[in-house]
Amino acid sequence: MITVKYFANLKQIAGKDEERFDLGKETTLDQVWEAISQTLPQIATLIKEKKIMVAVNYDVVSLDAVVHDGDEIALLPPFSGGS
Amino acid sequence: MITVKYFANLKQIAGKDEERFDLGKETTLDQVWEAISQTLPQIATLIKEKKIMVAVNYDVVSLDAVVHDGDEIALLPPFSGGS
Amino acid sequence: MRSATESKVRIQKEDFSVTDEIEFMKKSSRNIGGITVFLGTGRETSKGEKIADLNFEHYPQMAEKKLAEIREKGIADFGLIDMSIVHRIGHIDIGDNIVLIITCGEHRQETFKACEWAISELKRTTPIWKRETTTKGEVWVQATP
Amino acid sequence: MRSATESKVRIQKEDFSVTDEIEFMKKSSRNIGGITVFLGTGRETSKGEKIADLNFEHYPQMAEKKLAEIREKGIADFGLIDMSIVHRIGHIDIGDNIVLIITCGEHRQETFKACEWAISELKRTTPIWKRETTTKGEVWVQATP
């Protein structure tokens, strides 16, 4: 299982904090987006338009990264911390 | 009367905080140094070597400034405030 | 109020005391000569709109990890004695403290450079989001450089 | 401890509270978004020599006048909301606060620039002198830029 986490406006769009997908031992982010687009096409579009950064296990990765069973994937809208 | 004030190491060299001179209604700084050199030749030398800044009535002035009766002249060694 | 002694990078709901955080940092060394502090606070207006409510959310673990990376890189790259970063989350009142960055060095020059770099880096790399409620409604703010 | 509310430029023997000074400055406006603080503190060593005693002396009236000029010019030139400067005189222990400069703005950029400018300007224009006593004896320190 991989976990996908939603933050800020993405959480509002998704209507949830996180969801889980069973995509085998190893898969690509593209296949994760494919899985998300089944129920959340709006979010898949934002990813394709590169309006979202992606972190795997707390580090930002490129959109062609490979992910593994047990990984935590986070979809991160532009940050606005620091005042 | 004009007042001449000594600070930091100049106070130690002069052995006093300040002294007063009666140099008439209007005079030049050169005449003030002349008066100082009578008793404190060491300080007059530091002034000539431009190792001291001079303030008249709390503003730094050039060494050819004219001073008036009642003015406060301060001899200022290089500053070292601010940590 | 969570204590300054807990950790040099923290994300917390509670307010912090700038004096306590500085005094804690001073314990790092007796050779600190310059300390620069950046304090971000809640403004009343945003792009001309009056703010009714201000809220911060973060991605736990990743946000703390990024702050720790900023601290380590800042100390190494700028030759600091120490650095600390605290960011608040949850509801913030106008005028309240939001973020605190403290940089300590032997001399002041490196502490200014490092502090300014650290707040830019925080905005760029740390998963924290601001939600502003104004008369026009609620918006998740986009990053401002 | 002399109170933050007395004046926004002060020279005093007593220590100050960084938190109190910041909170006093926050009262200037509800639109402060960034505050930069520089705090100079007493270091244990100077040019490799261990410091046994640290003392500051100032030229009363002129020093306060110069700090007021720095404050006014800094606010005007950098577009700040407000600025305050406090400098201590007399005996300073290692680790103790010496000087505090607080710059407040709507955004952070101008507060960093103004704070760094203000401390350089203070060192350049304000008649304050440091006397260090080390194992080599007592010296009046020459300005360090």
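Observations on the structure shown:
Note that the chains take the letters A, B, C and D in the order they are written out, and that residue 1 is the start of every chain.
Methods note: a residue touches a chain if its C-beta (ideal position, glycine included) is under 8 Å from a C-beta of that chain, and two chains touch if they have at least 3 such contacts.
Because the structure is a prediction, the values reported are computed rather than measured.
Contact with both chain C and chain D is made by A, B. Removal of chain D in thought leaves the touching network of the remaining chains intact as one piece. Farthest from chain D, judged by the mean position of CA atoms in each chain, is A.
For this pair, chain A with chain D, the centres built from the Cα atoms lie 48 Å apart.
Inter-chain centre distance (chain A to chain B, centres taken as mean C-alpha positions): 73 Å.
Note: centroid distance chain B to chain D, computed from Cα atoms, is 26 Å.
Along chain C, residues 33-34, 40-41, 108, 119 each make contact with two or more other chains. Within chain A, residues 83 each touch two or more of the remaining chains.
Because contacts link the chains in a way that matches no line, ring, star or complete pattern, their graph is best described as other. The chain pairs satisfying the stated touch condition come to A-C, A-D, B-C, B-D, C-D. By the touch rule above, chain A contacts chain D in their complex via residues 83. Of all residues in chain B, those touching chain D in their complex are 5, 7-9, 55, 58-60, 74, 76-83.
Remark: chain D residues 33-34, 108 touch chain A in the complex. Chain contact summary for the complex, chain C toward chain D: residues 17-20, 22, 26, 30-45, 94-95, 106, 108, 111-112, 115-116, 119.
Residues 40-41, 56-59, 61-63, 65, 87, 98-99, 119, 122-131, 140-144 of chain C touch chain A in their complex.
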